[in-house]
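Note that the chains are named A, B, C and D in the order they appear, and that numbering of residues resets to 1 at the start of each chain.
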Amino acid sequence: MRKIMIGVMGPGTGASETDRQNAFELGRLIAQKGWVLLTGGRDAGVMDAASAGAKVENGLTVGILPTADDRGISDAVDIAIITGMGNARNNINVLSSDVVIACGMGAGTASEVALALKANKPVVLLTDHQESKLFFTSLSKDKIFLTTSPEAAIRLVNELLTARR
Amino acid sequence: MRKIMIGVMGPGTGASETDRQNAFELGRLIAQKGWVLLTGGRDAGVMDAASAGAKVENGLTVGILPTADDRGISDAVDIAIITGMGNARNNINVLSSDVVIACGMGAGTASEVALALKANKPVVLLTDHQESKLFFTSLSKDKIFLTTSPEAAIRLVNELLTARR
Amino acid sequence: MRKIMIGVMGPGTGASETDRQNAFELGRLIAQKGWVLLTGGRDAGVMDAASAGAKVENGLTVGILPTADDRGISDAVDIAIITGMGNARNNINVLSSDVVIACGMGAGTASEVALALKANKPVVLLTDHQESKLFFTSLSKDKIFLTTSPEAAIRLVNELLTARR
Amino acid sequence: MRKIMIGVMGPGTGASETDRQNAFELGRLIAQKGWVLLTGGRDAGVMDAASAGAKVENGLTVGILPTADDRGISDAVDIAIITGMGNARNNINVLSSDVVIACGMGAGTASEVALALKANKPVVLLTDHQESKLFFTSLSKDKIFLTTSPEAAIRLVNELLTARR
């Protein structure tokens, strides 16, 4: 039976300390819920912190790597999907996630939020980046959910999963 | 010898009348310059209008289709690249363009602008959508160029191509 | 820590009864070894039988789907990677597998064996299809391993994994 | 109006002198017919020779590159499609070709022939590699066409295009 998979997307090397702390906490809470964590899989920023958080709670972590081998993979990734297709893999990240959480913002993350909207996936934005909130809510009124803490983000994800059934 | 290729990205069915008029004019001017036009190839909105504009001037038009066959292709596309990979093809659109012009805005277009920034490509934004301008200039100070007319957009593209040499 | 993942590739609706029995047994043995099973994820043929076999032993099953949603997924897949990129996903199947086992033969399976060789991955061929054996050994002397039973295939995989370390 | 595009696939650095001569002649004849040539785009083997042949007759050449930029591109490619997705681009090669000609054989070429069959595309095999002929005709009775000269290959392509209409 297919497991519920929650994507946590965010900056790699450009992640702030707050982004990384939020990502770690998101990973922890996702694992506590029994959901699988999906990230971009690399050993940097939000991807790495979220995966590390999930492992603290013995969660299962999936990393969708842009590279053609597993160099640069986060130590906290259990299942490595090696795509060899660069940032085109961002579309796989969002298609494979039941809900996408964007933790922080950057060009890669923006592409994932936009691709998620294009695929009709709900997106929870966990950021205080004002321009992101205005932009993405201008693109979609009903698929973008704003929040300010990992706990609130997870409550939103839970509601979205429940509403879907 | 590889020809210069300029990508024109924008909404499909969601394009406004202004978007379509701008796209048609962009296609016309790109062909006049002797550049190849690249679009998402479908028979809708900005893609279709830009390709039609280029054909008026006997330009060469390339369409990178999301579908696995050529159903839904614009009549004005000469070279159909059939990817069968949905919106993951948006990354190919930007990697293959020397400069990307975003004409109007939507979720698909936003993903292309973001992927272009991720790939370090210059992007000319031709839109009066205020949230887009603020958001993308907040992501990148030096790769986003704002403009308000097709003519000004083409002048910018020309300068960007010249500066690169 | 990244888990070892073994890919089992083979025909979907074109699978023979022997192919399906072999695939089921391969899935069972892969799970017994504690490896993760990777397949093409669909509810047909070798993919479905291998995943079902792994679940009998409480193994973990990953399915890399060609589709843009999870329609047509095998009930025995735990982790669904939804690529929306058709058979281009075959390259992800082989890049993500530590060793590829081809169980039976068809056009899709042939593309996976060929892509695996291109990526320098070892491939175990479990088939009595004579033309396949001659063809693939003519393409590669040292990456193709012929075998006639699931048990022998798993022994080969084990040796290949050990030799790699 | 979409132009007819003929794909010529074959080994890169592993191409034989005969493969390269055949590829050059195929490119020349494809251009003479007014068809667009599609190849894998790299500066090696069959891709490079076919593109060079087409340019002798002022044909139009499209190269679908595996890389994320245009390093390693053949000088004889006019339109560079930069995929950044490695050998997953082989599926785009075959989906975008009206007919695929395999000139010589290797692991990459084998993946393209197999993906073409999977996509129901006709494939002309121009090779004296006996194992290839036996293998691919065993996979498909009605989509594989064997031939021994570039001229005969082009006659076959012409018949296939005519029959399709």
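We take it that a residue touches a chain if its C-beta (ideal position, glycine included) is under 8 Å from a C-beta of that chain, and two chains touch if they have at least 3 such contacts.
In this text, all values refer to a predicted model and were calculated from it rather than measured experimentally.
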Checklist outcome for this item: Contact tally winner between A-D and A-B is A-B
Checklist outcome for this item: Comparing contact pairs by residue number, the option in A-C, C-D or B-C matching B-D for over half of them is A-C
Checklist entry - How many angstrom lie between the CA centroids of chain A and chain B, rounded to a whole number? => result 28
Checklist outcome for this item: Rounded to the nearest Å, the gap separating the Cα centres of chain A and chain D is 40
Item to check | Sequence positions of chain C contacting 2 or more other chains | outcome: 68, 83-88, 91-92, 119
Item to check | In the complex with chain A, residue positions of chain D that touch it | outcome: 68, 83-88
Item to check | List of chain C residues in touch with chain D within their complex | outcome: 85-92, 105-108, 110-111, 114-115, 117-119, 129, 131-132, 134-135, 138-140
Checklist outcome for this item: Given the complex, residues on chain A that touch chain C span 1-3, 5, 36, 60, 62, 64, 68-70, 73, 75, 77-85, 91-92, 95-96, 119
